[in-house]
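Can you read through this structure? Questions will come right after.
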Amino acid sequence: MADSGAPAAGPEAPAGKKPGFEVRLANFTGPFDLLLGLISKHQLDITEVALSTVTDEFIKYIKRLQNLGEEWALDEASEFLVIAATLLDLKAARLLPAGEVEDEEDIALLEARDLLFARLLQYKAFKHVAGMMGATLELEARRYPRQVALEGHFAALLPELLWRHTPQQFAGLAEAALKPREAAPTEVGLAHLHGTPVSVKEQAELLGHRLRLGAPLTFRALIADAESTLVVVARFLALLELFRDKAVAFEQLLPLGDLTVRWTAGVEGWSSGNLSEEYEEQQ
Amino acid sequence: MNHTRNGDAAGHPAPEAQAAAENDDGPDVGSLPGGARAALEAVLMVIDQPATATELASGLNLTVGVVEGMLVELQREYNGYTVNAPDVDDASFNGFSATPRGFELRNIAGGWRIYSRTEFADIVGGFVLEGQTARLTQAALETLAVIAYRQPVSRARVSAIRGVNVDSVVRTLTQRGLIEDSGTDPESGAILYRTTSYFLERMGIGSVAELPQLSPHLPGLEGIEEFYDAGRM
Amino acid sequence: MNHTRNGDAAGHPAPEAQAAAENDDGPDVGSLPGGARAALEAVLMVIDQPATATELASGLNLTVGVVEGMLVELQREYNGYTVNAPDVDDASFNGFSATPRGFELRNIAGGWRIYSRTEFADIVGGFVLEGQTARLTQAALETLAVIAYRQPVSRARVSAIRGVNVDSVVRTLTQRGLIEDSGTDPESGAILYRTTSYFLERMGIGSVAELPQLSPHLPGLEGIEEFYDAGRM
C-alpha cells in the first residue's frame, strides 16, 4: 500500500476538498493549479511542459468523473479549457525564435506574449480572491442577524395601507410578473467570438493584385472565393475606397445587372498605403 | 432534558461548569466564551418566535432546569437586577450592571423571547414610523401578486420568478398582514407563504378563487422551475 | 439634532443629562430607566436591517456624535470590554461585565445591527431555519469576485475575464440579492452589474473599498491589465 506509487490526491490537495485534476509529466507531478503557479512564478518553463500529455490526462480524468456521475465535470472542464488554451498560446509564443528585438513584429509578438501571460495571471488572481471571498462568506454566515417581526403594538402603528388596485389590475400585475422573461436585453456579446478579423486594407491589396494584372472582372467574380459574408463586405468597402482613390472604375449596363470593375490606375499607380485611416483603426 | 437532572431545581449554580461536565455528544456550550449563558443569549437574540425552555434546553444540550434558571437570571439582569419594578426615577449611574437594558426577556404563554423594553415604546414607535409610507412599492405589489396566484409558495421560488431577492419585501408584506406563514415545504423545509384574510378584505373578494383568471399560457410552478431553476447553482 | 448644538462635538459626555435638558418637543430619552443608552438598545431590537447612526440619532432625538459614541460603547460592552478583539481564550469569569455577551453589535454595510456571536453558530443555526443559504459554487464565487472588483461591469466583460459564458451565474447571483442591475453602459447599451448592500452584509464589510487589494495577486500588471481590457472590449 505504501509503495503503490499512485496517490489519488496530491499532498497539496487541501483536506476536505475534492481532489482536483492531477498532472503527471516527466518533469512534474501534482495538481494542475500548482503547475500554473510554477509557470507564473517562472519556476517552470512552459516550453518544457508537454501540453498534449496534460490534455490527454485531463480527458481521462473527466471521463472518470462522468462515469462516477459527478455533476461538476462540466465546470472543471470549461475551466481547464480556458487555462489550457492560454497555456497553448503562451507556449506557441515562447517556442517561436525570440532572438533580438529588431522590428515591429517582434515587439508585437512580445506584447502578445505579455498579454497572454497577463490574462492567465488575471484569471488566477480572480480565482484566488474568489476563494478568499468564499471563506469570508462562510465565516460570516456563522453570524445570524436579529431580524425579528415587529412586535404587535408597533405593527399596529403603521399607517393604514392605501389600496387602489381592482382585482383586474392586480391580475395584470401577476400576469406581468409571471410571464417568462425574455433573456435580459444585453449587447450582442462578441467577446467569445474569435473570428479572424477581416482587414479592408488586405482585401484592397488582394483586389488590386487581381485587377491590375488583366481584364475587368465582375463583382460576382471578385467575391467568388470569399469564405464569409464579412469578406464580401470588406471587398465591397475596399472597392469603394479604390474608387475614391480613382484606382478603379465601375460599369453596370442594367439596373441590378452585373457590376464590372476595371483597373484604371496603371500597374504602379496605387498602393494600399493610400487607404484612408478609418478602416485600419476599426479592424 | 434527557440528561441527569441533578441539582437543577436547587437554584442556579454555575450552569457553565455543569454543562461542560455533563455533555459529550452535543455542543459543549460551557467551553465557549461567555459559556452557556451567552449561548442562550445568542439564541434568544435571533429567534423570531418565542421558544419554550424545553426547546431551548434541547438546542443547548442542557437540562430544562438549568436553562430555566439561566432564563430567570438573564431576565433579572436585563431588568437591572432590581427585584420587582426598576427604580425608574433615580436612574443612578453606578456601573452598567445596575441599569436596566433597552430590551427585556419576556415569558409569554410558556415561550421566551427578547422584546424592546415597554418604557421605550414611544421612541421605538417613532423610529418605526419614520419613513413608512401607506403605499406598497411596485416590488412589493408584484411579489404579492405572485404569492396570491401561486400560493403556497416559498421565498426562493418567488425570487426565482421575479429574478431578484425578495426577502425584505416578504418581510414587509408579512408585517403588513397581507401574507402569512403557512407551514413548511415537506421536501426543502422552506417556509411557504399564503395570502391572509386581510388581503381578501383589501381586495374586496371573498376568497382567492375569486381572483381573476390568468392567461392559461403562463407557466405554473412546475414550468417555472424548469425555466428558472436550471441555472441555479 | 435640530436643537442647540452646544457640547455635542466635544466627546460624548453624559448624553442622558444633555438630552433631558435640551429637548422639549421630542421624547425625553434621558428620563427613562437606563437612559439614552437603553433607548438606543430598544431601537436596535426592532430594526430588521442595518441602521445608520444618523437614522438612529434622528429617532432618538440626539446628535449623531452622541449616538456614535454610545454605539461604540455598547459594542465594546457586548464584547466584554476588551478594547480590540475580544480576548476569547481567557474567558475569565469575574462578574458579568467582563464576559462577552452572546450577541454583538456590528457596523457593516454602512449601518449598525445586532448579530449572534459566531462561536454559537452551531447552536443558533438549529433555531433559525431561514437565512441558511446554500453555498455558492466556484463558478458563482469567481463571477462575484470579478463583479465586485470591476463594478459596474457588463456580463460580456465578466465573460471575457472568466473565459466562459456567465449568464446563468449572473442570474443566480441576482436572485440571491448579491448583485444588481446598475443601469446601462452609455456606449454599448449593455446592462451593468454591481454588488448590493446585502453583499456587503454577507461579507461583513462596510463598503467595497474594504475588499482585500487585488494587486498583490496580480504582480506587476497594472498597465498591462488596462491594455488587455481595452483590447477585449
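Odds and ends about this structure:
Just so it is clear, A, B and C label the chains in written order, and each chain counts residues from 1 on its own.
By definition in this document, contacts are C-beta pairs under 8 Å (C-beta built on N, C-alpha and C of every residue); 3 or more make two chains touch, one makes a residue touch a chain.
The model shown is predicted, which means the values in this text are computed figures rather than measured ones.
Nearest to the common centre of all protein CA atoms is the CA centroid of chain C.
Chain centre most remote from that of chain A: B (centre = mean of CA atoms). Between A-B and A-C, more contacting C-beta pairs join the chains of A-C.
Taking each chain's centre as the average of its CA atoms, chain B and chain C sit 21 Å apart. Once the centre of each chain is set as its mean CA position, chain A and chain B turn out to be 48 Å apart. Rounded to whole angstrom, the centroid-to-centroid distance between chain A and chain C, based on C-alpha atoms, equals 36 Å.
Taken residue by residue, chain B touches two or more other chains at 45-47, 115-116, 124, 128, 163, 171, whereas all remaining positions touch fewer. Contact with two or more other chains is made by residues 144-148, 150-151, 154 of chain A. Residue ranges of chain B in contact with chain A, taken from their complex: 45-48, 113, 115-116, 121, 124-125, 128-129, 132-136, 141-143, 145-146, 148-150, 161-163, 171, 174-178, 202-205, 210-215, 218-219, 224, 227.
On the chain A side of its complex with chain C, the touching residues are 72, 75, 78-79, 81-82, 85, 114-115, 118-119, 121-134, 136-148, 150-151, 154, 183-187, 189-192. The residues of chain C lying in touch with chain B in their complex are 16, 27, 29-35, 37-46, 48-49, 55-56, 58-60, 77, 80, 86, 88, 91, 93, 95-97, 99-103, 114-117, 119-120, 122-124, 126-130, 134, 136-137, 139-140, 167-169, 171-172, 174-177, 180, 198. Those residues of chain C whose C-beta lies close enough to touch chain A in the complex are 44-46, 48-49, 103-104, 106, 113-118, 121, 124-125, 128, 131-133, 135-139, 141-142, 144-146, 148-149, 154-157, 159-165, 167, 185, 188-191, 201-204, 211-212, 214, 217-219, 221, 224-225, 227-228, 231-233. On chain A, the positions that touch chain B within their shared complex are 144-151, 153-155, 157-163, 165, 167-168, 170-171, 173-181.
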